[in-house]
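My questions will all concern the structure given below.
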Amino acid sequence: MSSNATVTRLCASSVDHTQRAPVHLMPCEIQSNGSAQVSQFFTATTKDHKSEKTVSFRGRGLKGQELSCPQGYTGLVLKEVHKPSSDQEDRTVRVSSVFDKLTYWNLETPPNSDDTVVMAMDWPELAEGVRVLAFILLH
Amino acid sequence: MDLKPFEENNSVSCRLTSQIPDVCKTEDCCLGIDEAGRGPVLGPMVYGICFCPVSKKEDLKDLKVADSKTLTEAERENLFEKLDEAISYIGWALHILSPNTISTSMLQRTKYNLNALSHDTAISLVQYALDSGVQLKEVYVDTVGPAEKYEDKLSQRFPGIQVTVRPKADSLFPVVSAASICAKVARDRVVKGWNFPEDLGEVDVNYGSGYPNDPKTKAWLLKYLDPVFGYPQFVRFSWSTAQSLLDTKAVAVHWDDDEEDGEKAAQRQNNRSMLSYFTASAGSSDHNPSHQTHRFFSERRLKSLDTL
Amino acid sequence: MAAKKKRSPNVDNDSWVTIAADSVVDAQKNDSDPTFVRLRNPSTGAASLYVLGSGDLQLYEVKAFEEDFHSWFIGQTVQRDGRLVFITPMDPLFLIVPCLSKSAKEGTFQPLDQVVMDEEFSACSRLLKCKSALASLHHIAEEKEVETLKFYRFSQDKTIDWLKKKVERTVTVLKKREICVGEGVKSTTYVRVKPAADHQEEDYLRYAHGLISEYISQDLSTALLKHLGLPQLMSPKETEPPAKKRKISEQPVEAVEDYTKFNGADFSRKPLKKMTAAQKTLAKVDKTGMKSMSSFFSPKVKAEKK
């Protein structure tokens, strides 16, 4: 854990020249960080039936659906390019890709509104409710 | 045999059928069932049925059909042509179980083993023949498992039909030999012309017999192993050959049901929301042991972070 | 079949999937970059991660959706860490309240920059740059102007009023989003008896109160509940499940480890700074047999727990 005094700078200008990338939330832990042939193996074999998507990964059947970022929100993938050598140093993260929707996948179960990640998307709007100052609301 | 319906989407299973001869709808018929491609780690498993009037059994013998395994590929192709031409009294139907179906079924949360899958496929084909108006009286089945139990199962499922389940039925009953030829021809053609849905460019088709002990097959499996995705859907992930190669050469992947036995998996399906509710606050990283996150957050698996 | 590989800890994570309010990276307004900082969480007292927007004008909180067995595919890469991090705007007053209320014990009006600070979390004083916070301080404090200088004194009554409005606003959003606030399990297999309308209204209020309590101290939470006209629950079974009940304890929690650094756990913790003479005297008194004030408000379950 880094010291309470250190900060992590989010290099915001990096957003401008960032590519959009499709993002998939997988229902398994893949013990790897780095490149993967996602379009060749995954995207190429994904089937679309109305709003439900199907694919398989490592021989297991997945069902998925797209989920949009809440209004006023953008998906940002942050990447730490250079890890500081000590936990007393400030850190910097850059935006490595942006997205406005993600696809989440369930293992075998059809996606539905009770899925936790769908419910988690309630949070930004509720956070807005908790934040907004009372006097603005009293029309 | 038009394989197009399967080739358009070889991720899922597919049924291919001949026309139903009119005579099969009016006369008592016999039907044989056999499978092809049970053992290989590559490609589909094909179930075949062949049927004809009981009165035409001798005609079938005259075609000199025999156990497909004793025939060369050319002989099988040749015999299939003859069967297909005898449309006036012989009908057939095939069910192609795609390797992806085999993988996902066998690796399902609630495991669906190959025997159950085979039996269900056989039953669905017999039912297809009945639904098409074939006057079935006798059914002959080749089996690799215990014959008696399977025979009882089929007899109960199809009352009024005399069911005979025998090991090596494909060499004992010509109608089973005919079914085995249909299945084997389809399996060979599908494997030969496999259309990889993955974007792999030119794929080396020198994958040998597809049996796990074939060195060519093994070499192919090594060549096409992807550290993240494992294999193309052409490979049966549920085969121990494929599994053990992945366990040693690919990155580890962990699923929430890794440690579960079948009973637990069934429980999970019934009580999913109950379980998730009770485990909601587990794993919270709150520093304060007496602080319980509000259920709005715990139900959504949301928690505060203290470091990025 | 070869033995399954064991899960190893994910130690070299350097990438995070986030969903952030557009204002966080709104390039037009940026004169400096937003920064992730650690500040004292007003509810737990422990360190939590926040974001201060460009020019420190805006405060955001950072929460992660985290469920076991998830990973990401991002473009042509795989990311083992399957968390989804939300960066949402937050009212900076929530973080200023504990600073002000702490100093309120002295009862005097004080300049902000002497109060809005935390020795442990140096970024705390940057909250004073949040324009919206400065403009709305009157919600939580009395203001006095001496010449050009402004002085503030925490007002619990004002704060409770302000919090009540927050609760009401939260109820509106909860209803709009059709968020299930009823007690019990959200499950298709358990059909809940539909409560009377007023009962449902109380469910909403309690739920919203619980949410707002994530941003305030236990003492304020208790006072707010009273102000909302909601009785303390006699049995936790009636609404929130027992696990969700907060422990209300006046006795200092026995320290198992040295928590002096992160002693945010309990809001009955000793004031970080010097005690007043009266407090010192009180501290020396043998309190055995005395009833603590809060025990009058605390649920009976405490007694049953033995």
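Order as written gives the chain letters A, B and C; numbering starts at 1 within each chain.
The criterion applied here is as follows: a contact is a pair of C-beta atoms (placed from the backbone, for glycine too) under 8 Å apart; a residue touches a chain by one contact, two chains touch by 3 or more.
Just so it is clear, the model here is predicted, and its values are computed rather than measured.
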Intersection of the contact lists for chain A and chain B: C
Using mean Cα positions as chain centres, tell me which chain lies farthest from chain C. B
Grab the C-alpha centre of each chain and report whichever is closest to the global C-alpha centre. A
Whole-Å distance, chain A centre to chain B centre, using C-alpha means? 36
Chain A to chain C, mean C-alpha position gap in Å, rounds to 25
Could you please state the distance in Å, as a whole number, between where the Cα atoms of chain B are centred and where those of chain C are centred? 55
Please set out, as single numbers or ranges, the residues of chain B touching at least two other chains. 228, 252, 254-256, 273, 296, 299-302, 306-308
Chain C, residues touching no fewer than two other chains: 5, 7-8, 16, 36, 38, 47, 61, 63, 65, 67-69, 78, 86, 179, 186, 211
Where does chain A touch two or more other chains at once, residue-wise? 8, 27-32, 36-37, 39, 42, 78, 93, 114, 116, 120, 122-123, 126
Contact footprint of chain C on chain A as seen in their complex: 4-13, 15-16, 19, 21-39, 42, 69-70, 72-80, 83, 93, 95-97, 114, 116-117, 120, 122-135, 137-138
In their shared complex, chain C is touched by residues of chain B numbered 228, 240, 243-244, 247-248, 252, 254-256, 258, 270-271, 273-274, 277, 281, 283, 286-308
Complex contacts: residues of chain C adjacent to chain B: 1-5, 7-8, 16, 36, 38, 41, 43-49, 61-69, 78, 85-86, 179, 185-189, 207, 210-211, 213-214, 240-241, 243-247, 249, 253, 262, 264-266
Per the touch rule above, chain A residues touching chain B in the complex are 1-2, 8, 27-32, 36-37, 39-42, 44-45, 47, 56-61, 78, 91, 93, 107-108, 114, 116, 119-120, 122-123, 126
In the complex, the residues of chain B that touch chain A are 9, 11, 100, 103-104, 106-109, 197-200, 226-230, 232-233, 236-238, 242, 246, 251-257, 273, 276, 296, 299-302, 306-308
